[in-house]
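Next come two complexes, and both contain chain A; in the first it sits with chain B, in the second with chain C.
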Partner chain A sequence: MSTARIALSTSAARPVLTPLVWIEAKRFARHPLFLAGFALALLASGGEYGPVELDHGFVPAFFVGIFGLVVAARLTASTRRCEAVVDAAPVSETTRTAALCAACLVPVAAALVVVVVYQLALALHDPRPAYVYGVFTTGERYLILLILPVIACLGAPLLGVAVGRWLRFPGAALLVAVALILWGMLAGYLPSQGMDASTWPARTLHMLTPYTAWVDSNSGSGATWVPTVVRSLTGSPAWFAAWTLALCALAACAALLHGAEGRVRQAVLRASWGAGAVALTSLTLAVVTGYSVPHDSSSEGTVVADSRTPLPPQP
Partner chain B sequence: MTTPVIELQGVSRRFRGATVLDDLQLEVMPGVVGLLGPNGAGKTTLLRILATVLGTDGGSVRILGRDPEDAAERTEIRRRLGYLPQELGYPRGFTAYRFVDYMAVLKEIEDPTVRRAEVRRVLEDVDLADRAAKSIRTLSGGQRRRVGLAQALLGSPELLVLDEPTTGLDPEQRVSLRTVLAERGRASTVIIATHQTEDVAALCEHVIVLDRGSVSFQGTVSALVAEAQGRVWLADAPDPRAQVSWRTATGRYRNLGVPPPGADLVEPTLEDAYLLLRGAAGSEVEREAA
Partner chain C sequence: MSVVVGRSVLRAAPWPVLLGGCAAAAVLFGIAAAARHGGMFLPLSLLGLGACGATAAYVLDEDSAEVEDATPTGRRARVGWRLPIALLPFGVGSGAVLLLDDVGGATGWNRLAPVVAGSVAAGIGLASGLRRTGRFAPGDLAGALTFGLVVIVVAIEPLHALVSLAPLDSPAYPLSTAVAWALVLVGCAAVFMACERDPGRPPIRREIS
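Up next, the complex of A and B:
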């Protein structure tokens, strides 16, 4: 048996981060719940279950994002079983948390695949009339279709890492996931259906969520179904993207804060304040600079809508 | 003069109002050191302090010449430390190899080639090379214990802190482990907390006996055994005056303490010496034996 001492790193934690990220990313990608969510997202993106375009983002946000939250929390909490040896290792908890945060790029990649596959499928088989995109510009459409769902699939797993670090009771991740879903549903649709969407409280509530709806449409289903009326909701997609990115940063900071000491703790706290300021500014701008009233779009044109008037049923 | 690897002065630690370690004074020199003591003596608490995962309520601690209270020095200690806790769980879904590899990354063994070789080496040291690809969940209790040992051996640490390492191991595995630890003891300091006095007798040069949070003996194993010299007797009947007595496999009674009538004086073992040292606590053993 050799007793030769292995040359250990003397150069802090940065070089160790890369192999740790790989390990955590592989654990994330192989997790059965993540794989199930990814498969369901792909399944729900096509065929007769395909939603209205601008609503499609809910599919990856739920199946990849919310499932990812639970997966991230479980991966984070899994090392509690061996925390005595993990805590006695030279790599700090902050570095381990940073690796877990970086592994949240796995659900981001999965979300990108889902939204791109959906767009390709639509472009090839089912081109939609322009009015289904509401009053949004081309840039805003790309934001809503491609970027916002991907940000949600980053933020929710990052929140999962924070949950795994801070909440030690069983079922904590599920509880937070349910709360997040309820919050998203309430803020996303209540302002357009239960309130006058053009008022400040409704517009603020519509943006005060990590994921929101941008359109509402008359109901229908089936492979060939196309909505006849699409209602564009209030708010600025661009500033909403900035707000949700700031929420991602806040979730990462919350996770990193657990176990952080000394200068690292100070740096994380400073980053948290910065992210908080960006979040508040972006939220304010998302409310005040975006569309202030809902618009109904159909093949006959676009009109300012009274949000409390129900959309006409499918003829 | 050799510098102590571990120096504890006036260390105390309380849990929920109960004093677990009380004004503990300790110096540990290089070599293999056994830590004996009854349940609740504070062995695990002491080892957790030495593994830098638990702080103290008072007193000073120096490990490998460094202060674990200082974050940078604590990291330096951890770079030179291998630790096996009394109870070690494993994350779900890990194989033995993947877990030890994960720990190797946490021990800053960066180079993938070196890391792979090191992981294989420690798994071989604990006779788990052929089980490396198995999920830890499918391994037996003894095999899981050996996975824990393997991670502690990573990087050939200067200080190895092992809390009951032989629990769950069969006799062959225990002998094999003793060989590994004896080898490590040549270049490192190995501290083993155990209830198995035969492991201490076979492995350790020095022994520390803890009792109710304080050191009741510290010295060489032979010095502790010498304290029992002339106090261990084999007799045909248990002696009520004996500190401890129990029936042996031959049908005769081993009496510790005063000589029973017609008894034969025998060479003491480390277990005899430990039981005599424990004194009053030994009478519990006598009652159980009765």
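Up next, the complex of A and C:
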């Protein structure tokens, strides 16, 4: 009996999943909130936005990622009214959740477009001086500019699917979105809050977030738009990418766990433990192997390690 | 409409979301006040302002509107009972801004009071616009849109070449800013009046005899 059921589930689930993924992806791509966020992200990336290129990741992470979280939660919760009918369909809740998780590739594609548009827009301007990239290597720059924003735009919608499945009160998605922003802001910008960034707790908290800042600068507005000092913050971008990917996997597992039964539930639980172990390992490595102290790179070409003073105001 | 019906309209309001939203906004402003010496003061206050606007977007949520529209309780009358609830997020936002002005030192945080009014108005305007499209509980969508719009408008200042919408640095409060926020309020009020008319009532036409 069980063999027959497994054979049915593996052979039947795939043909069902593919059309479901297409349907959910189309629903995601047509959602007005997603389209509004995507348009705003493109608008904010088309020009020479922001003084420090490495901070641009905030734009897709907020407009595509956070808006995507709300969209994913709404799409997931939209079937609640007709739950009785949907549950009668020969497709399990896990398959439907998996389709929603796969549809989160839509914001990933959108984020990719945004970061590429930003790079193209930058290419039209004069090349940036090297100091605005801080002490990061070329590989780390590409990670920060191209990969980390895209991962953020995958993780937030996946969390939205989990929120839509587990939290059933109105405003849940918005509450989680605000909490996520607050967490990212407080932990990511710890050095701006007067905390010594080179201490172990500060370095750990700086990485223990789904979105973190990599640079801080003394840029102002108007004539002082371009900074004279750029502070590279602590941590390893490569291991931070692994940590955020593991968080994405954990969010997907949390979503899939709702309504999962039998072997599927066991498999999802095993995957959750695996993702948790990867998350813990990569977080530790991001703190231990990354930059341990902040570095100040100035327009005069000097690099000061372990800078503990507040960023100087522009002359 | 009688007070009895008004009470039932008020009772049907999504109080957990409204109170939870106000509490979340208050917490954000509280953290902003606690971190007033760091660089997170303004961004956290912005999140608080956005939360006030998003909370206001839930005021008009009426899951049973389809049924209630068929009863002799006008939509405008029902909304009239609901609208004063928007004073709750407005009160939290403006009170917090005035408090931040006291603790924030030299910066004129009380200049953000029009932003609070604008975000609450935007939340209600967006919600009523979405209600007209058949979504009777548009709070989630309108709230997210309002939150995003408020944060963008104040943090990025997309119209800074024309007008500064959150003039914290300028020595005096610019007239153009006051005009801009007044326009937002009037625009949202117009959208609200247009969208919240009774759906069953045909437009009044004068017949030529």
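To be clear about the criterion, the second predicted complex is superposed on the first by the 283 of 315 C-alpha atoms of A that agree within 3 Å, B and C clash if a C-alpha of one lies under 4 Å from a C-alpha of the other, contacts with A are read in each partner's own complex, and residues count from 1 in each chain.
Rule of thumb we're sticking to: a contact is a pair of C-beta atoms (placed from the backbone, for glycine too) under 8 Å apart; a residue touches a chain by one contact, two chains touch by 3 or more.
These numbers come from a predicted model, not from an experiment.
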| item | value |
| --- | --- |
| Touched partner set for A:Phe169, first chain B, second chain C, both or neither | second |
| Touched partner set for A:Ile23, first chain B, second chain C, both or neither | first |
| Chain B versus chain C as contact partner of A:Leu186, first or second or both or neither | second |
| Which of chain B and chain C A:Thr79 touches, first, second, both or neither | first |
| Of chain C, residues touching chain A in the complex | 14, 16-17, 20-21, 24, 28, 31, 35, 37-40, 43-44, 47, 50-51, 54, 58, 61, 137, 139-141, 143-145, 147-148, 151-152, 156, 158, 169 |
| Touching residues (chain side chain A, partner chain B) in the complex | 1-10, 13, 15-16, 19-20, 23, 27, 30, 78-82, 84-92, 96, 261-262 |
| Contacting residues of chain B [partner chain A, same complex] | 48, 51-53, 71, 75, 78-79, 81, 83-85, 87-93, 98-99, 101-103, 105-110, 112, 114-115, 118, 121, 125, 148, 151-152, 154-156, 158, 180, 183-184, 186-188 |
| Touching residues on chain A, where the partner in the complex is chain C | 32-33, 36-37, 40, 43-44, 62-63, 66-67, 70, 74, 169-171, 173-175, 177-178, 181-182, 185-186, 189, 192-194, 221 |
